[in-house]
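Two complexes come next, and they have one chain in common, subunit A, joined by subunit B in the first and subunit C in the second.
Up next, the complex of A and B:
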């Protein structure tokens, strides 16, 4: 009997321990997420600005001894064709890519294991004063008498966070600039919220102050369903219906624009805004409404002079969470914004958001390469933004609760 | 008189807004239903895609989504319920619970693509599951966990304290009370959360992009380590990257309708159960 009781106790304690452990499960997951995202993402700052396994060489007569990733890109895209723009001599830049060697020397002449290749390449660099050569490190000539290697830096924080170009697959030196993606994300989200806020607030006022019980009972599931529709379906709808409409209305070459994304995201953020704002308004104490009405105010005056100021923090929380939903949304935006990774100039430009970039590029990025790591770093940025938003909305809605 | 007019204008505007929301929902639903219903037949639901996804059906995607739902709920449901039981029944009101709640809320706010990244880093690469049902289910279960925890907690909170004290007074232990009294009472509400999770899981695309989803698989998966097709990803693929996008449009409409159908039916069942329960509590 005593033994039995002891056993029961033991089981009870065991179960309690298990429950405690599972209570911590979300915290553990968040911790793991932090670790994995940040370890992988911050690996980017250890990788070199020049593509792995390659180096850049110039003739040693050339006074230029350092080239930034942006400058390299300008050279290889033929945007800059003279060395004097980078402080060198007034001389044309001759871009030399590795495979050009096979045009002048057939492969058979390279000897066993291409052993002659470095020597031939060395000659090429030595003979051309204006050359900039992009060569694989394995076959590279030695950097002396007439040949100079341009040292590759590590990708810096400012390259990523302040970079204005996102060209992750550019050779020889990919550019991982956050700015176009961040601005694209913010533009689409702000568009969404500036459409969804007045609309959502209006519906919230309607539901909490004007609608009768029957309308409310009809509207609640409508809003729930709107929240339940999968984002890929919104994306599909945006692509097939909304994009052509926007294209026709504003007479644009394509309908996939920041505005299209903003409208779709506005619809998706509506349920969040409506339900939180409505809750906040319903929490306004009855006495306050009645006092206002008793003073002779109309219902509308009561709403905008008493109820809205009173539920200010609830409404702010709704806005913050709505923005959060919009910033993190992936599939719908991926399908309707056109995905041009450039800093947007107007709402009719094609934009690419941070989540859409991850979704579009992760499948093609080589495992653990700089591109892969940069996408994880984008994940970190999203993670931090949404964490800040969660905490902010919690702090704001706490304010609301203190009032009671 | 002026203020009466401005009230009139404002209220009319709000009514229009309310109507607009209804119109938006029904135009999306209507658009999908009207276009999709023409495609859906028995063959569409039971055969694999053919001819570069322009004809045939979506059977492998339905099966794949089904596996993912079952897989992720097998993991997330017990874990979520246990977590909620701990915070609601054991943990009291101290700072630990506050932190746990905050973490659960934060997890709920993280964008789904970040779950995809996390799942790829941990389950696909680190643990070496590869692109597989296992990795996809684990990723989706992490995503849906906050939803299950939250709905279960609400369900547990709705159980009157007198039930607990009554059971304890009869000499039952805490565990017995939870198992025999609290959980059975809260069960229907917990099931509501479960059903909502089914809707959520079946619609998510971003987390499965890199953990399980296959563009095209003619055969069904045979093990946990196989890739599968899934409805939301299939819709995405059909809408954006088919070999012949115009020709595969009808397939896309059909897929969207099936997907929306699953989600809507789950939502309707959940709200039906909830409403019946509310009525029952009112009667008591």
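Up next, the complex of A and C:
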């Protein structure tokens, strides 16, 4: 008997310890993930604006001694072709990429370990006054007599947070501008929630207050089934069915727009919003309903004045979960918004969202390179956004409880 | 039952990992390598080949640190990568296993059928935005590109855009299938896909690389006789002169292996 009791206590203790442990382990894992995310992400600000292992060289006759990433992009895309636009002489810019050396000198003539390469490259830079050369640092000529190196800065906070161009694989100078991605994400989520919220609340009110028992028993599982459909399937549906419809209705050149993404996300967020809001409304005590009706209020007045105010915190939880789903959703958005990384001017523009960017690019971003780190930093931004939203909702629902 | 299965599978994979020729790299070459490996193993039951993707760059760096025996690549090895392999004391061997031709495709209702490389460059870098600027109807051009991680994206940038960057905000889709789908339903669309993927829902255009003198249609025949310009070789890179590796590569280059290349919609290497 005593032994049995002892055994029972032991099991109880064991279970208790396991529960505590699992709680602790979960918290530690979450903490580690956050630290990892932020450490990787902020590594971006230590990397150079020019592609790793490469430097930019000009002729020393050239008065220009600094070039920003944007200016480099303009030069190498031939958008700017004269040095005077960057404060230099009135002279044509000659863009020189490293590979060009092998057009004039075959690889075999470079000697053992390519020892002649820096000398040949040096001659090229020295002879062309208007040259800007993009060369690997290992084989670069020494920066003296006739050759000048353009120093590369580190990527700054404003380059990332205020940058308006996302060109992570551009050479010589990749551009990591958050703005188009952030605005794209916010636009799509805002569209989604402004479609899903009224619709979802409507359905929730109908299901909890107006529908008869049979309809409700049929509708609720069907709606919850919607939540179980994989997001790729939604994306496929959006691309094949919804995009052409939107293109025809609004007479647009292209159907993959922010609006298409918003509508798909709204459909995906609906089941969450409906079932949480409906549960909250059905939890309104019977006495409150009956009191309201007994005072002569109509059904609508009861819904409007009693049930919705009572279930406000549940509704706000539904909204937050809906927004959370919309902001973090990846696959469906990747397929339907067209992924054009530009600041959206209207809901009919193509947008590229943060999760879609991470999903599409992480696969082949070189490990621990600036591109890889910039994607982690995008993850940090996403994390901060969702945290702000959930804290805000917590505050809102607390405030409402005080009133009642 | 499940346990025995698990044990068998893990033992199998262990033995596989021990003697297998590991091929790693480009996702473009991946389906071809898989097919080749499959029929190679059917013909040589003792030979083992495992194939994984991850991208051309990933494959080549695996070759450098010795975790792969063959790197499959949809682009030529870069100078710096070659330099790294040389520094690690290995000799690089290169073999072209097939060619892949890229077709420029538009919506079937678009009257345009010929384009020059310069026009394509201007469209994809954003200088031309309306079809009437290249002799078509008054319609906005919607250019589609692959994602930045794709080897196809890099090749198109090098060959057609002459290393200039794509226009900011170009539509980019994660897969060739999605590009075909979108172009088929967008009137002003233009994009690029492998010739193997062409189907009647999109219209291929003939391309000129000599400023409009001759326009060549993107067909397997034109790619084979080297008249079509937008063609890239698909490579195998390896460092060891191992008999097993040689046997596999000989198989790929043999008539039987090259027949598979043609079946997959690529162009034979020889």
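Criterion: the second predicted complex is superposed on the first by the 333 of 404 C-alpha atoms of A that agree within 3 Å, B and C clash if a C-alpha of one lies under 4 Å from a C-alpha of the other, contacts with A are read in each partner's own complex, and residues count from 1 in each chain.
By our rule, a contact is a pair of C-beta atoms (placed from the backbone, for glycine too) under 8 Å apart; a residue touches a chain by one contact, two chains touch by 3 or more.
No experiment lies behind these values; they were computed from the predicted model shown.
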Check whether A:169 is in contact with subunit B, with subunit C, with both or with neither, and answer first, second, both or neither. second
First (subunit B), second (subunit C), both or neither touched by A:189: neither
Applying the touch criterion given at the start, work out whether A:341 contacts subunit B, subunit C, both or neither, answering first, second, both or neither. second
Once the shared chain is lined up, is A:15 touching subunit B (first), subunit C (second), both, or neither of them? first
Once chain A of both complexes is superposed, is A:253 in touch with subunit B (first), subunit C (second), both, or neither? second
Tell me the contact category for A:311 with respect to subunit B and subunit C: first, second, both or neither. neither
In the overlay, answer first, second, both or neither for which of subunit B and subunit C A:272 touches. neither
When the two structures are overlaid on chain A, which partner does A:53 contact: first (subunit B), second (subunit C), both, or neither? second
Who contacts more of subunit A, subunit B or subunit C? B
Looking at the overlay, does A:373 come into contact with subunit B only (first), subunit C only (second), both, or neither? neither
Quick check on my understanding: which residues of subunit A belong to both its subunit B contact set and its subunit C contact set? 239-240, 335, 363
Please name which positions on subunit B make contact with subunit A in the complex. 3-4, 6-7, 10-11, 13-15, 17-18, 20-22, 24-25, 28-29, 31-32, 79, 82-83, 85-87, 90-91, 99-100, 102-107, 109-114, 116-118, 120-122, 125-126, 142, 145-146, 149, 173-175, 199, 202-206, 209-210, 232-233, 235-236, 239-240, 249, 252, 256, 259-260, 263-264, 266-268, 271
Residues of subunit A that touch subunit B when the two form their complex: 8, 11-12, 15-16, 18-20, 22-27, 29-30, 32-33, 36-37, 40, 199, 202-203, 205-207, 210-211, 215, 219, 221-226, 228-237, 239-241, 267, 270, 274, 298-301, 303, 321, 324, 327-331, 335, 355, 358-359, 362-363, 367, 375-376, 379, 382-383, 386-387, 389-391, 394
Seen from subunit C, its contact residues with subunit A in the complex are 54-55, 57-58, 79-80, 83, 86, 125, 139-140, 142, 147-150, 154, 163-165, 168-174, 178, 181-182, 185-189
Which part of subunit A faces subunit C closely enough to touch in the complex? 53, 73, 76-78, 97-99, 113-114, 136, 138, 165-171, 180, 239-240, 243-244, 247, 253-256, 334-335, 338-342, 350, 352, 360-361, 363-366
